[in-house]
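Letters A, B and C name the chains as they come in the text, with residue numbers starting at 1 for each one.
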Amino acid sequence: MLDASDSYVTEDGRTIGAVVMEMKNITLRFGGVVAIKDISFDIREGEIRAIIGPNGAGKSSMLNVISGFYNPQEGQVFYKGKQRPQMRPYQVARQGIARTFQNIALFEGMTVLDNIMTGRLHHTKANIWQQAFWKGKAEAEEVANREVVEKIIDFLEIQSIRKTPVGRLPYGLKKRVELARALAAEPSILLLDEPMAGMNVEEKEDMSRFILDVNDEFGTTIALIEHDMGVVMDLSDRVVVMDYGQKIGDGTPDEVRNNQAVIDAYLGVAHD
Amino acid sequence: MFYREAGDFKTSYREDNQTFPIKFDRYRYYSVMFAAFAVVPFLINDYWVNAIFLPFLIYSIAAIGLNILTGYCGQVSLGTGGFMAVGAYGCYKLMTAFPEVSILIHVILAGGVTGMVCVLFGLPSLRIKGFYLAVATLAAQFFLVWLFNRVPWFYNYSASGQINAPERTIFGIAVTGPNTQAWATYLFCLVIVTVCALVARNLTRGMQGRQWMAIRDMDIAAEIIGVNPLKAKISAFAVSGFFVGIAGALLFAVYLGAAEAGDSFGITKSFLVLFMIIIGGLGSIFGSFAGAAFLVLLPVFLKNVLVGWLGWPTDMAAHLEFIIVGALIVIFLIAEPHGLAQLWRVAKEKLRLWPFPH
Amino acid sequence: MPDQLIFGMEVFLNGLMAGVLYALVALGFVLIYKASGIFNYAQGVMALFSALTLVGIMEGQIPFAHLINAIFGTELHHFGWHVPGILAIVLTMAVMVLLAICVQKFVFRHLVGQEPIILFMATIGLAYFLEGVGDLMWGSEIKKLDVGLPQGINLAIDETTFGWFGYGFFIDNLDIVATIIAALLVAVLVIFAQYTKQGRAMRAVADDHQAALSVGVSLNFIWVMVWSVAGFVALVAGIMWGTKSGVQFSLSLIALKALPVLMLGGFTSIPGAIVGGLIIGVGEKLFEFAIGPLVGGATENWFAYVLALIFLVFRPQGLFGEKIIERV
């Protein structure tokens, strides 16, 4: 077993660092419904961590807890070694946690460029007066932000749609723009909620490549939810398996694949 | 053919961030500014200023203000009339309390006060959304008008309950009161409009504008990617209130000269400004101008044609105006929710290709 | 018993009756909102329009007489007949149904699936349009409306209360009739929405119009029906208010009275509209009675709004609305 502060090198040569986020005994209820029941797991720096499970297992709720949208009734979240107090989602984002959404949540009335630029919010310090007169920090930051954003646009190969209103884009491109917006924040943890839902094989391959590249080039820690087992097993370093709000497995893809509880949950088990 | 953007390449992000990135637009903008500042003042008389130019300029500011709140930040307000009243009464109190201070300062301060009042009534927007909020802003409308009608301190205990703008000058030239010259009031308003429009443009093209639009398009997602909804909404209310307050102050001090809260700043005024931005274009500074121009010109046009030319009674022209405005609102909402501004963009698109079909 | 308390009781009763009328107007809103997601700002103008039409038909006015005269130089005014009240009401109802069909066909069919706030703004446009048409059609001068409802002080109540307290309550017969009719109408509408086939279809449409479509509910029919019902409610409200204070522009402002009722009661709740109406009716009359004189009077203009606003800050879904759970 590894300690929280240990690091190791994977087979493909990436360095996985210390634990950056730890969920401890999280329980989340909506009225009488228990969405998450006493779940603990951790995310290490630089790794790709997947959360899988059948429909309604509580995966999305888990992601919402991490991004601060839901506050769990019990349990603690530790981020970079410190316990995180109850926070509004925008404060969590400010700490360096960016995410994408299962049902695309782009700002439909804005252009692709503006959407991605919104991701740079925390890297903008100009106050409203400077912005009003477009002087001082305002203009310099706008240009600096634009440079970062253009790099991401190049990286995700969406140069040609830069100034297109998002509403006009097809589904696959929207997903990519959403990823770009999250990346623009230069997050320390990137949460991806079903990044490949509704995509065809080709689009899935593209997206997988982008996820791996992001992890590889920027060293971004990634936590993702995905239904496609093949993709998950190929991409991720470690996998958490959830079922009915409980954790039934946790480990490397190989360990999880051979876990009896996981097999039961996915294939069903004969009740006799 | 007539409208080119090809060949107009940018070599820096700064150039791409300009207000008018396309050369043709930029030159047109310069020529409009030149005409407005250097040609129009020599040509206009009292009729033109009072019937068209002053209301157009003043309502443009109000429309810009409401457009920031409604068009950019997505918070529909039906309290514009009440907020304009705050600007007007604020300006009046300041003018009478500190006669030695420049009217320009008074107008700006009146805007500031309105901004604060607007924030106060905007606070519920954190809890309530959509038309719940729209209806809630009616509370501001009714309460404020009532306040200015019923509390004598606001109208300096005058017997008529009206407020009257005393004469104030800038560089020794009267801009308020009975002895003003057409060109002076026009230029005074024009300068303020120009500054307001530039500030609004700067705010909406930068990070502040993106936060507002993010809240408008999807508030939950905006919060999750890091927009503080409190700050974004409150700043929109404050900035919007600032512009609307300035418009109210100018409407009272420069244009009307005398005002009474219920008559001059009733709920019809709220709707008028709302209609301006719907027809002009939600989320567009240019649209605010277009909508203001349209709704200022329409009654003048109808009156001239129906009453002056066809000899119809005045009240019928007024009824017809209601019908036309109402129908236009519905038509614009159905056919072109982005208003005249979008029609203008489409026309530009066509001009660029003309005379070739593709 | 102290005088203040007795006056207060009188005010309370009057407030209660005003509240029933508010509830009636609010109900018109709730019905349309539930069935189509449209928040119909034009409800008040519909009341004005229906009252104008009713008077016009009863008096035998020629529609658009002014316009025709202006264009053709004629001198038309009246057909020269008088239509009895009941028949005129039926004819007016027919006009309101026609209006419902037009509104559905020319406006809202083209706006299906738009955001609620866009629909709301469209109804503001509709309100302006309808107001202009009403004035152009029937003339904009103040008209008297008399369909035979009793008016004047109710002597029985006056005498009874005089016997009890030594002070006779002033309660208008018209208010009593209005209250009874409004209460009946509220009951009928609730039964209609809850227990009839059309009512069920209406609620199904409100829940999910695509799902309703897929089980064979005709959306067009339901929406026209709902707008007709709203037209009917507007007509009743128009008759009450028109009889009371004449048919004039201010009639359309009853919509503004009903809005805070809706905020208080929740946009989707029929009991909410009723309870909210009563609370606001009583609340604003009592507030004006108790606090009004201290602050300059005419607090009825804003009291309901401020009350609703403060209430909403603490309970955004209204009294009976469902709690909103936000999802991503």
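We take it that contacts are C-beta pairs under 8 Å (C-beta built on N, C-alpha and C of every residue); 3 or more make two chains touch, one makes a residue touch a chain.
Predicted, not measured: the structure shown is a model, and the values here were computed from it.
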By count of C-beta pairs in contact, the leading pair of chains: B-C
Label of the chain whose CA centroid is most distant from the centroid of chain B: A
Identity of the most central chain, Cα criterion: B
Chain A and chain C, separation of their C-alpha mean positions in angstrom: 51
Centroid spacing, where centroids are CA-atom means, of chain B and chain C in whole angstrom: 33
Between chain B and chain A, distance of the C-alpha-averaged centres to the nearest whole Å: 42
Sequence positions of chain C contacting 2 or more other chains: 328
For chain B, residues that touch 2 or more chains besides their own: 220-221, 224
Junction residues of chain A - those touching two or more other chains: 69, 101, 105
Sites on chain B touched by chain C in the complex: 74, 76, 123-124, 127-132, 134-136, 138-139, 142-143, 145-146, 149-151, 220-221, 224, 267, 271, 274-275, 278, 310-313, 315-316, 319-330, 333-334, 337
Residues of chain C touching chain B in the complex: 39, 66-67, 70, 107, 110-111, 114, 116-118, 120-122, 124-133, 135-136, 140, 256, 259-260, 262-263, 267, 295-299, 301-302, 305-306, 308-309, 312-313, 316, 326, 328
Complex contact set, residues of chain B against chain A: 12-14, 16-17, 199, 202-203, 206-208, 210-211, 213-214, 216-218, 220-229, 235, 239, 283
Contacting residues of chain A [partner chain B, same complex]: 67-69, 88-90, 93-94, 98-99, 101, 105-110, 114, 117-122, 124, 126, 128, 131-134, 138-139, 141-143, 145-147, 150, 181-182, 185
